[in-house]
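Read from first to last, the chains carry the letters A, B, C and D; within each, the first residue is number 1.
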Amino acid sequence: MLRLKFAGILILVFLFSQSEAQRHVIKIPDIPGYKTLKGDFHMHTVFSDGTVWPTVRVQEAWEEGLDVISITEHIEYRPHSSDMNADHNRAYEIAEPLANKLDLILVRGAEITRSMPPGHLNALFIKNANLLELEDVNDALQEARAQGAFLMWNHPGWKAQQPDTTLWWDEHSELLKKDLLHGIEVYNEEFTPEALLWANEKKLTMFGNSDIHGPANYGDGHRPMTLIFSKSRTLGGIKEALFSKRTAVYFDNIIVGNASFLNPLFFASLQIDKKPVNLKNEESKIIYIENTSDLDYQLELAQPGVGFDAPENLNLKSGQITAVELTGNSIEVGQMQNLKIYYEVKNLKLSNTDNLVVTITLQNI
Amino acid sequence: MLRLKFAGILILVFLFSQSEAQRHVIKIPDIPGYKTLKGDFHMHTVFSDGTVWPTVRVQEAWEEGLDVISITEHIEYRPHSSDMNADHNRAYEIAEPLANKLDLILVRGAEITRSMPPGHLNALFIKNANLLELEDVNDALQEARAQGAFLMWNHPGWKAQQPDTTLWWDEHSELLKKDLLHGIEVYNEEFTPEALLWANEKKLTMFGNSDIHGPANYGDGHRPMTLIFSKSRTLGGIKEALFSKRTAVYFDNIIVGNASFLNPLFFASLQIDKKPVNLKNEESKIIYIENTSDLDYQLELAQPGVGFDAPENLNLKSGQITAVELTGNSIEVGQMQNLKIYYEVKNLKLSNTDNLVVTITLQNI
Amino acid sequence: MLRLKFAGILILVFLFSQSEAQRHVIKIPDIPGYKTLKGDFHMHTVFSDGTVWPTVRVQEAWEEGLDVISITEHIEYRPHSSDMNADHNRAYEIAEPLANKLDLILVRGAEITRSMPPGHLNALFIKNANLLELEDVNDALQEARAQGAFLMWNHPGWKAQQPDTTLWWDEHSELLKKDLLHGIEVYNEEFTPEALLWANEKKLTMFGNSDIHGPANYGDGHRPMTLIFSKSRTLGGIKEALFSKRTAVYFDNIIVGNASFLNPLFFASLQIDKKPVNLKNEESKIIYIENTSDLDYQLELAQPGVGFDAPENLNLKSGQITAVELTGNSIEVGQMQNLKIYYEVKNLKLSNTDNLVVTITLQNI
Amino acid sequence: MLRLKFAGILILVFLFSQSEAQRHVIKIPDIPGYKTLKGDFHMHTVFSDGTVWPTVRVQEAWEEGLDVISITEHIEYRPHSSDMNADHNRAYEIAEPLANKLDLILVRGAEITRSMPPGHLNALFIKNANLLELEDVNDALQEARAQGAFLMWNHPGWKAQQPDTTLWWDEHSELLKKDLLHGIEVYNEEFTPEALLWANEKKLTMFGNSDIHGPANYGDGHRPMTLIFSKSRTLGGIKEALFSKRTAVYFDNIIVGNASFLNPLFFASLQIDKKPVNLKNEESKIIYIENTSDLDYQLELAQPGVGFDAPENLNLKSGQITAVELTGNSIEVGQMQNLKIYYEVKNLKLSNTDNLVVTITLQNI
């Protein structure tokens, strides 16, 4: 039906009739000292080569439970321009009132879109996208940086630009030196192992972004996203966290990041039975672990328990209580104050070769 | 990622990366003499007050399994016009190449958008939407008709235009007389009983349409749609079927329409055990009915079986085989050639008061 | 495969291989002063006319997230007896070790199974089911009571015993007087309105039970259950709560019970934005309500807001945040300390005619 | 509620109240010359170490869409025997009337349960299970064979019997020689590659069975099963097919079997656009393939097309139409009568190393 013309009402008619104004809750907990914000810093609308109106990006993100997004139109590629007469700031301006109404943080951004090297780079936290339309890519990046931008290398593994290899170019080393490169997409449609390697080696902030062009439709799954460990749920807090490299990358049932964030995230996801186990030799006891997060944590025993046996594999399913059976295998176990179990968490990745190893400590007597 | 610029490729990169180029099959069978086509004749894009690019409408419809759509932009209401510089034919022109590639039938249409009476009317099968921009509504409708248009009254029960009642106005009788009104939306976001009454009384073609503005997102359900009983899967076939009133309206788990279409549709949906039942007094036999359609048919016994008992209620679930137990209750049943069971199909509606009654005939001996 | 013979291990091989030892969490919160336990006090196994082994009942209940069950075999109806040689206590004895291991509370019970009146009655918290095998129903009930039993009238609306009406018989009044009737099933396969009426009028504890005979298979739904508002998660706590009528009945998306339990349950299910609304005339504000329970709460405005408009209907979906828009409609609203919104909760039933009405109070300035 | 006592009715009360008497349709098509029957030849009930009544096995199988099952109680292991007083034929006798009523084929069987070698063997199509209770395993197998049995080695990879290796023993060669071994479980809870190797090398009939002990609960998935390519849907037809090695093994989204069955099965699953492609150099055309089976077929290009490019990977999803784009890359393509595309079907396995390769032939001009 025709939407009402009064602007203040338009938004809500839209929300309530089409989407029932319901927001999904992404269950990834805060960690000590930080809020765990959910963000997507790469997306398009009809104002570059996307196929939705900017308000759709805000509404989708709000419904999916994101805290922060950036609409990052291509500066140099605008296939719909013959039908649209708008400058590079227009998508942001259209999206902003709805973002404010829904308390979604909107980062002003743009995608500087060049051939390789240096490829495509997102400029986040800029002030005026129109000023980035400059012939020389260095001029464009310098202008963005002068506006205070955080600069991220997008999809370094994109086959259209590097069909056979995924290389780090001298030009990227140059950008790093000139403070024109701060982050890198470790995930954009797919995981790029080289990008994870470089993020760790060269101290780049790691990102997982959707780079969505059409309507969002993640079914029972979720959009790839960047987790931001931020001191506050504010634009400034997020900017500080990105420049301080406090992010992790969440896609499928996997989080990639630094152990200093992933270890507290794992334990903040769980409620572990507190009462003493009271395990004795040749007896078995069940302890219960509830996983209140959205992830299924896949655990593999990293080393045998001392004095007792624990399951070789555990799947701590999202929203469920898992029964874990421990069996005493020595007389000493009856005297042990604590039981320590060491598990590798197969879907919490630190690097291309290492996963997080956690120590679950249970009071025994 | 940036889509490739070569036009011929653009479409398919789009299809394969975003949607995996997979088309759902709507399981509503053909009936003797006609193909049962699935259509949606009311939708919007950014070119009026919608929020998606026209190609999205084509791709959504193709993926959902529709055969025919019409993009029907408001002639008189274009809230995005300050950002767009395009005429009233532009949405069709953008959608057409992808529709051709995907073999989706695209009907050129427009929505003549006026206050009540006569409200909003869709003009379908027009040739040039720009010519409909005329001050007097009658002039606009006459122009559409002169182009060969089929004219449909949209959402007659819309509260914004008729908050307290749903009335048929003298103006609509006038339109009928002048051959300027051929169809009516019985379903648009919700079912309108008055519209069904008028469709039956005044011989109007009945429609169920989505009137979608944002991205389609029907989850496990389906879009409301118009079933067209057409001699061929062509634009001409559809136009002939619409002017001949050969449609039905499909929403939720309900089809509304004429018994002459709904009765064959019901039986074309089922595979009923052919072998003789061989029912005898005080014995019970099970017959099997497979429902290969998307609907769950909800049956209620319309009158008792002669010589045997049959279940009071049956739910013939979609894609399942239902076991139906018959029990002989007279000696005569052993001599009966055929068993006839009379069921009312609660979700095949003929009018606001009547549902289809079917006769299931089984060979007994 | 063959299960290992060592008894202590048998249980866990079973758990881990077949069910992955995962327990669902029923999200119905505790209320001030009480734990909200989830129970099912009516079920059968192969030891009467059911079709599963008693351990299956324990495992199903544990996996579904129940806290307490009672296996209530028919005393008088044992169709498998030619294949089984066991007394009336055997199902309990087989189930008990697994219940202990899994920390599921198992109530010893039995179903006294007679024609109407008085029909079928469950005796809960008995000590020896074998002693209930007595010819006279009053003797059987007296024996159960002498063992300390809580007595419940099962499925009073069962068509096999009362095909045309659902009556309260003089015999039931007699039982009440003699302290031989304490509870009634308001839900058993279906809701019985008469039972709800009698529970309220005659001060009977209300129950919702599964009366399950075959394997549990509730798919995406849940088993009908009794909510027990108990001072502790112990057998004794539950017995005290049942005799004190602190229960509610949960089936489909509905809870039936007393307002003194349902009102705190509703508010314990929600997280409502705490920050001041700051609503002013002719402005609209959005407040957010997160529903952390398993129910979708369906709200209908019970009376208009004073000084502002609130949505006529709200569906607070399970696990989601709902945006609720308030719009000021008087100058006074800007001065109001609090905003009070009165909603009827359509799926929290107090009686056959009344639903719970809640007052949502928001700080305004 | 209490089930009615009249035997003829009991079954149907059970069916209609508990399961709604609905049978799922397994969409795996017949192939030329054979019906593709779905079977499970290994399962237990309370009469050995299972936990359900025999009728449950029949009802589960009927609801899941199976055609044939065998209840195969352990002869030598009956942990419930102190509670049950029944001989080895009892489970079959209890299950048979319901199987007859529901037209499910029930094979009389038993599991000869010994330590390794030879481990556990199922005897199918026997006449009297009681006669198999013999001390010497060879005597037991001979007796089964004398009754006409088909003999199958169960779960050869079971860790409890062969913890570190999966070996073929001299004893099995002996059994083969003596006509006392005809089939082998390639899948039982998990896939056993060694069993597939032996099935191919030693000409054993391959099986996939559930070996289910508790209630069936396959959620959105399906039970592992044996596909039988049978001349008729009869007990005799199945026996002939098993002895003639006309089976395949279906688990997860995989079928393992001989190319002579898998190739026609693949093509019987598909509806491929018949109209000429009309492909020309530097043009692209879309052809449509509908997959009407339950499997998602995962295709990988086995060799390049001659004169045209085809997608490297295709996922022909169950119940969907997949659009396949072909692009001419030579002038000759315009003259080619047929286009041949060679795909490896990754989830149709012939052996541990080889998958089925199919040739899709399209008429071009």
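A few points about this structure:
Keep in mind that, in the parts below, a residue touches a chain if its C-beta (ideal position, glycine included) is under 8 Å from a C-beta of that chain, and two chains touch if they have at least 3 such contacts.
For clarity, every value in this text was computed on a predicted model and none was experimentally measured.
Identification of common neighbours of subunit A and subunit C yields an empty set.
Chain geometry summary: the mean Cα position of subunit C and that of subunit D are 41 Å apart. We define each chain's centre as the mean of its Cα atoms; on that basis subunit B and subunit C are separated by 42 Å. Listed for subunit A are no residues, as none touches two or more other chains.
The list of touching chain pairs reads A-B, A-C, B-D, C-D. Within the complex formed with subunit C, the residues of subunit D that make contact are 1-5, 14, 17-19, 46, 49-53, 55-56, 59, 74, 77, 79-80, 83-86, 90, 94, 113, 120, 155, 158, 160, 188-189, 211, 213-217. Of all the residues in subunit C, the ones that touch subunit A in their complex are 8, 12, 15-16, 20-25, 65, 101-103, 284, 286, 288, 290, 311, 315, 317, 319-325.
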